[in-house]
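Labels A, B, C, D, E and F are assigned to the chains in the order they are written; within every chain, residues are numbered from 1.
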Amino acid sequence: MDKRVAVYRKEHFNAAHRLFNPAWNNEDNARVFGKCSNPNYHGHNYELVVKITGAPAADTGFVIDLKELSDIVKEYVLNKMDHKNLNLDVPEFKNINPTVENISIIIYELLRKKIDSNLDLMVRVYETPRNFAEYPVA
Amino acid sequence: MDKRVAVYRKEHFNAAHRLFNPAWNNEDNARVFGKCSNPNYHGHNYELVVKITGAPAADTGFVIDLKELSDIVKEYVLNKMDHKNLNLDVPEFKNINPTVENISIIIYELLRKKIDSNLDLMVRVYETPRNFAEYPVA
Amino acid sequence: MDKRVAVYRKEHFNAAHRLFNPAWNNEDNARVFGKCSNPNYHGHNYELVVKITGAPAADTGFVIDLKELSDIVKEYVLNKMDHKNLNLDVPEFKNINPTVENISIIIYELLRKKIDSNLDLMVRVYETPRNFAEYPVA
Amino acid sequence: MDKRVAVYRKEHFNAAHRLFNPAWNNEDNARVFGKCSNPNYHGHNYELVVKITGAPAADTGFVIDLKELSDIVKEYVLNKMDHKNLNLDVPEFKNINPTVENISIIIYELLRKKIDSNLDLMVRVYETPRNFAEYPVA
Amino acid sequence: MDKRVAVYRKEHFNAAHRLFNPAWNNEDNARVFGKCSNPNYHGHNYELVVKITGAPAADTGFVIDLKELSDIVKEYVLNKMDHKNLNLDVPEFKNINPTVENISIIIYELLRKKIDSNLDLMVRVYETPRNFAEYPVA
Amino acid sequence: MDKRVAVYRKEHFNAAHRLFNPAWNNEDNARVFGKCSNPNYHGHNYELVVKITGAPAADTGFVIDLKELSDIVKEYVLNKMDHKNLNLDVPEFKNINPTVENISIIIYELLRKKIDSNLDLMVRVYETPRNFAEYPVA
């Protein structure tokens, strides 16, 4: 059978960050990013939604075992970002501004190599309940 | 006019289930499905989101009257699944494992024949706020 | 680089409305729209989600500055609709029934001309947590 | 046995209102109540939480059957306020400003006479997710 | 110092149950409890909120370490009830109807002996987002 | 009239913090506070609920104008804590560990002197949707 279904798993992590372009000085960062560029950082309860699309297996009815997906997200994303400072503790953001857009791209790239290539992957990141991003775009 | 809009209606139902492949014995089911295969069942507050896409009618401004959609969902889905045991009480799951993927497919098939064929249909089922599925995939 | 990301900003407004086709009399409106056509109006806490899709800028990491997007939505949508009667106070609904479908289309049209044409725009409007609409459809 | 438990039932209704003291003119109402006093009304999705406290019955385990409580709320509160204009359609607000405080008091008084006097009653009303009230106070 | 603060920890579990008084036959149970007494069970995503009240320790600023509280709840409540059938798998409900009132009392009693007697304890259980209970009552 | 009503206003702020007792070294802080003591900080979307209890005024129906309450919270709490590092940027936490318990006490003390002494005040702070605190306790 060939019915494609999307499954979703939601996880969360708490992190500090500041919006900061290291090619600019603090004044230019403050002018562009405002209070989001506070040099002492601020932080968020990030909500992460991972979407996997494929055909359910005939014997299990699973596109992917959501418990296994949760374990993959914990090992490759949450261990790296939860209770961390994104700018200082996460090497992927050394030269990349940790906007919600870029966080989505980085998490996608971390997970893409851990998920079976027959399955499609999309990542949504909530910085707050009112600001969120999705990557990639269909 | 030809502007296509998607409308959504959210409903809920409470049901017991166990993940269970009837071709396997209890030990194999326990090995694959873990605590989700408890022979005495567990259960969920399922949230069901139905998405209908089409052009709003010129006189009503409705793609579909959401009150009518709600009545259709109650008659053909909730009456069958609410306060039920999916494995024992719902014939559609007699030979199909009630994973959130398969619940989405079954609900789609129940509703598809009751919704005007000019309208597109998509179903999302939340097993918990952290595990959910969508069918069909665009 | 060419990675397209979708960003979302959620806003809200409180408004009165009635479902009403001005080409019909009150009895016909009541027959079709039921209690939603109460001549004295009822109301909702509308939640508005605006989705913008494009490539993040290399220097800021932003598809669009969500603070600027919020300001645009406040100026062109919330100032017009928040704490208003949609039928009486908002000229766009003079001849258009303020269903959640039509509210989505009107808000899209108000915002489309204020958002850079290189960016894709989609609007989702929640009339209640259980009834919502999206425009345009992919 | 003598163990007191509180049970809660959540209901909702959609209504139009304006904040308005009929002893004042429109200008004074506008000065005090701002945009909440728009003469054409605005509206809300009100969430109503009813709390009942007492000892569970030995045979049922119920403080009160929550299905019966829901029916009482529907009959005596929702039928009166749902899809209505609180100022124009609800006689209780003829001389009382429909603030969230007063709505809580009115709903309490409507329900108090319908609930067994051996049971304690408290009412919480959400005007928005960010503004709410409770009556009476312990 | 002597400032009393309440802290809360929210956990969840998924379980099957039926409302059932074993002193009655199935017909009487069905008459009183309706569809909630389906002999094949139904189920819920229960949300459990545990409230602990006391003075924060001077050195940690904690009333209780919420990580330790979470571990206690997992060991003594969730291990017993998560992914279980409350009627069949949980001995505490052998002769007690698993209403949301009684579930609150049982969980309180399980936790009370594990929490320092200098600390006050209250338990809230959500059977659905619309039906919940609290024990004990202040 | 003498009817006391409680009104609530919900606000939010985003901040970085670490759990840290300055009388201890980093190793002791890590042993007691675990990953919450990361020297580079982590952060949260804090939700703040302020409860005010009193009798509604006869002419306005307000216990307190919730718009004025929101302005007070913004001026005396959010300006001090939003997009800040609680340990480094907020003098009140110089010698006090920013646990959710202590944040509740500090916010209460900041607001208590700005709210009419005839009105009762209570503060609830959500560090995450699963961990929260209230001060003072009834």
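Note that in this section contacts are C-beta pairs under 8 Å (C-beta built on N, C-alpha and C of every residue); 3 or more make two chains touch, one makes a residue touch a chain.
Keep in mind the model is a prediction, meaning the values are calculated, not measured.
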Checklist line | Selected from A-F, B-C or D-F, interface repeating B-E by over half of its contact pairs | finding: A-F
Checklist line | Centroid spacing, where centroids are CA-atom means, of chain A and chain B in whole angstrom | finding: 28
Note to self: Using mean CA coordinates as chain centres, what's the gap between chain B and chain D in Å?
What the structure shows: 34
Notebook entry, point to check: What parts of chain F, by residue number, touch at least two of the other chains?
Noted result: 129, 138
Notebook entry, point to check: Based on which chains are in contact, what kind of graph results: line, ring, star, complete or other?
Noted result: other
Item checked: For the chain B and chain C complex, residues of the former touching the latter -> 3-11, 53, 56, 59-63, 66-67, 138
Check: Where on chain A does chain F make contact in their complex?
Finding: 12, 14-17, 35-36, 38, 40-45, 82-85, 88-89, 128-129
Item checked: Contact footprint of chain A on chain B as seen in their complex -> 19, 21, 23, 32-34, 96-102, 104-105, 129-138
